[in-house]
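Note that chain A is present in both complexes that follow, paired respectively with chain B and with chain C.
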Partner chain A sequence: MSVAVPRDEHEYIYAVARVRVLETHLLDRATLQRMVDAESAQAAFNILMETEYAESASEAGDVYDFEKGLTAHLKWVYDYLASFMPDSFVLDLLRLRFDFHNLKVVLKAKLLNFEPNPGALYDWGTTPVDVMSSVVSAAIEGATEIRSKTLPEGLLECIKEVLREPSVREDPQLIDLIADKCYHQTRVALARASGREVLQDWVKAAVDIANMKISLRGSKLGMDKNKLQLALIPGGKVSIESLKAVAGEGIEEWLEFWARSPYSEALSKFVKTEKGSIAFTELEKWADSYLAGLIQRGRHLAFGPEPIVAYAVAKETEIKNLRIILTGKLNGLPGDMIRERLRDVYA
Partner chain B sequence: MEIRVNATRQELMRLKNRFRMAKRGHKLLKDKRDELMRIFMQLLKDNRQLRQRVEEKLSAAYSSFLVARSTMDPQVLEEALMSPTAKLELKAGTRTIMNAEIPVLEAVQKGNIYSYGLADTSAELDEALANFSALMPDFIKLAEMERTVEVLAGEIEKTRRRVNALEYVLIPELESTVNSIEMRLAEIERSNASRLMKIKDIVRAH
Partner chain C sequence: MIPMSLAIALTALGGGMIGIAATTLLLKGTMGGLPIAIFGAALAVFLAGIGSSIGVGIAGEAAAGVVTEDPEKFGRLLLLQAIPGTQGIYGFLAGFMVMFRLGMFGGTIPSLTVEQGWQVLFACLPVGVSCLISGIYQGRVSVSSMGIVAKRPEESGKALIFPAMVETYAVLGLLATILLLLFGVKI
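Right after this comes the complex of A and B.
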């Protein structure tokens, strides 16, 4: 399957106009605030029922099944976007995440011989899971030429790379590390082929931030040097060689490394110098907001695929916020604890 | 209630031996009961402290897991946890306290508990798993301790029943039987003496 490339930017005019209408339905901070301050989870859910989530949320039935509602809504968003998109480029770029996630599940299930829980799969990727599953089975059985017209090149490469790793059955974490790397590389290739500057900036920053998380968490969890080098992702603004050179060092060396990177200013948001520790909750919140902020730069472009991508990212952020609020309310987390985890809103 | 036996000297000797044995057994069992009670009370205190500690840690672990869950898609969380590589090896044995067989459990954790990618999962999940993993040895210890409490409670109950049976049934019965045999023998003795005196009188009269 060849890489989709966006058409002429003027062909997105209709789709952008449709997205402009959808943007007006994004939940604003005041609504989320009302949900956080609601006296119970049911009251927060009732506020959600007054918004465009009403139809999807009613599928859930009650607040305890809110995940069903959020999942149904996300699926609806992608189906709806697909109904007026001039080409497959935007949706391919956005739905790669789901494809690579499904591929991880399929690879683990096939290599470790178990039946995956259907709840672990997204059913709105670009490639059907059964197609993926048959290609993975053929590859494991030793098919010399793994080719499929229905499987994107990035996914095929990922399968090959995973199967080249000899200890993948004993250490299934390698599947995730390799798949995450392939996912980001595929996105970078897709954005590069599009020639769109905002998109390229966005995916490269996503690579850097993924590397930041991998390096800091990996070193905190005691991941060995070889594994860390394998996990680090090329294609970002920070060179992969310089990253690999630090692999195996301690967390302080990594913090020094990132302090010399273009992301040095962000470190103060999540590095607690007095304790010498990293507030990962803050790091993740900053990372989500930073990446969403980057793509939002393209939101006001009149032509091109960027406003559509920006809308989809804003929508995913909104769903994440709703999940944080409703899980927190259902389990009686204090309002402050919920609020400090909420991501920036782009309504 | 008395034991129905023949009022003979031989029986008296046998009952007196049983009586002495019962007294000694009673003392031993009372000592055993007291010692079991002492161990039991200490164990209860330790158990209460351990349970409280486990519940606090469990609550913290669930709380961090909850936060991790709230920031991740359910599909991502499910995928992250679907292939655990960490293994918990449990060695089970027994030891005895005052003849009561109690369990001894030893848990050894091996392998990497973080068997998922780091780019799209939340660091809060690391914390939750670390908390659950750190909880495991205490969890196993608690199971061992609670079973020990259960076994000791059963043993105390059994010993208490035996002590009571000796103290309120067997010993009084033996005591009263020995008394009645002694009285019966004394009566026979007196009856013999008077019979002899009577015979002596008859012989003298002739």
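Right after this comes the complex of A and C.
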């Protein structure tokens, strides 16, 4: 994750042209419908075998192992995109998520002295897990100067910040909160350095939505105020100071605060249907669609990295949809119930 | 990349003209118009050539990207890549026109007054500058149109129209230069 970011929008011409063709392989709504309407989970899985998922899906063998196939496919997507990208910046914006997830697992394992489950780690982040692991060990043992070349800046900062927190061993949830914060801050910095408006909008909205979820959780579960203040992420469009003032109050205050934000219109869509009470699943679905919608605005630009990010996001949405369908099918959910959980399709 | 090449080309144009003007003043009376006329012909060829190189270049990158994923689209993409190439030809045509008008193919080196030299040079500017800029922008439109071919091959015909629109201004530039050389410059 170098911070030396895109030099020129013309450097992406080749990559964008390739992505234009890849976009045509995205599954359309009709295919997803067919899967939802398939008579069994295996039949739905067989439909998947006719698409570009065939190779990854065959790795899974049968439908009960579909997760393996979807994971293999996601890894393939990132590897494939990386093979023709002019720089790592664009993919870092997306892959940092996996790095920070790995970092959380590694930090918890090292601080609480247990072996991390290899299944919980992704092997397609920007940094290999063993490198991360050794840096974390060194940092815990008190190495004052961690070699900064071995790990990207954002991850390094995150390790330092976690270790600065005195009560982190007693309360491992702090690791999650700090890592999430660092993740968003790293992304905001990357997007800012790129100078691309659509990307900046997108990562800033992601910060706001993360804050929305954190503050909602705080309101619903009555989270500790100090912890809440620590968890809220600066860098979004909504002022963090005013949010800190109301965070931890009731649902009413939460609704009132966000109704005054730039997201009021979008929020009103699902808050109304829930009559004032907000279900996390609803919020989650709205957030996914909203963020995907934001980045899809950059899809038709002919110059610049946006279409590549948009494609990767569309691909991740597609994989999420397949997971919803196949899980639903395996558990015998009725088609309508599966359908209402599906995210928008950008084929 | 593009604004920079534009800036370099236009600076070369301005710098060259100032240079010639200075030399003419310095060598008052001893320098004829021929070098100025030749500079004009050279300008027409190289400015238009820069425009086309950039245009065809970026269009080629996009075409290569699409063909990597879908080799079947080669034919349609080739056409789109070739469109920004015409500017270079127009520039060459204008340069050729100058040589022809000056009677260079007759074997004798013509003698021109300084005034005639400047006339030829200015007559070359419409094609040079319009082809430089339209070549670059036509290339950009071609790149965008390749997105149409990649995603909706059945609409390839429409994809061709957008870059073709830009061609108008290169043609007008060439036309102006030819008319100026034929009827504007008195030799």
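Just so we're on the same page, the second predicted complex is superposed on the first by the 339 of 347 C-alpha atoms of A that agree within 3 Å, B and C clash if a C-alpha of one lies under 4 Å from a C-alpha of the other, contacts with A are read in each partner's own complex, and residues count from 1 in each chain.
In this text, a contact is a pair of C-beta atoms (placed from the backbone, for glycine too) under 8 Å apart; a residue touches a chain by one contact, two chains touch by 3 or more.
No experiment lies behind these values; they were computed from the predicted model shown.
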Clash or fit (per the criteria above) of chain B with chain C on chain A: fit
First (chain B), second (chain C), both or neither touched by A:116: first
Partner chain(s) touched by A:99 [first = chain B, second = chain C, both, neither]: neither
Chain B versus chain C as contact partner of A:177, first or second or both or neither: first
Contacts of A:318 with chain B and chain C, given as first, second, both or neither: neither
Touched partner set for A:17, first chain B, second chain C, both or neither: second
After the two structures are overlaid on chain A, angle v-u-w for chain B, chain A, chain C in degrees (C-alpha centres, nearest 10): 160
Chain B versus chain C as contact partner of A:208, first or second or both or neither: neither
More chain A residues in contact [chain B versus chain C]: B
First, second, both or neither for A:306, with chain B first and chain C second: neither
Per-pair minimum CA distance [chain C against chain B, superposed on A] in Å: 29
Shared chain A contacts, counted only where both chain B and chain C touch the same residue: none
Chain B to chain A touching residues, read off their complex: 63, 66-67, 69-71, 73-76, 78-80, 82-83, 85, 112, 114-120, 122-124, 126-127
Contacting residues of chain A [partner chain C, same complex]: 8, 10, 13-18, 20-24, 84, 300, 302-303
Residues of chain C defined as touching chain A within the complex: 1-2, 58, 61-66, 68-70, 140, 143-144, 146-147, 150-151
Parts of chain A lying in touch with chain B, wherever the complex brings them together: 67, 71, 97, 101, 104-105, 108-109, 112, 114, 116-117, 119-122, 170-173, 175-177, 179-180, 184, 210, 213-214, 217-218, 220-221, 231, 233, 280-281, 283-284, 320, 323-324, 327-328, 331, 333, 337, 341
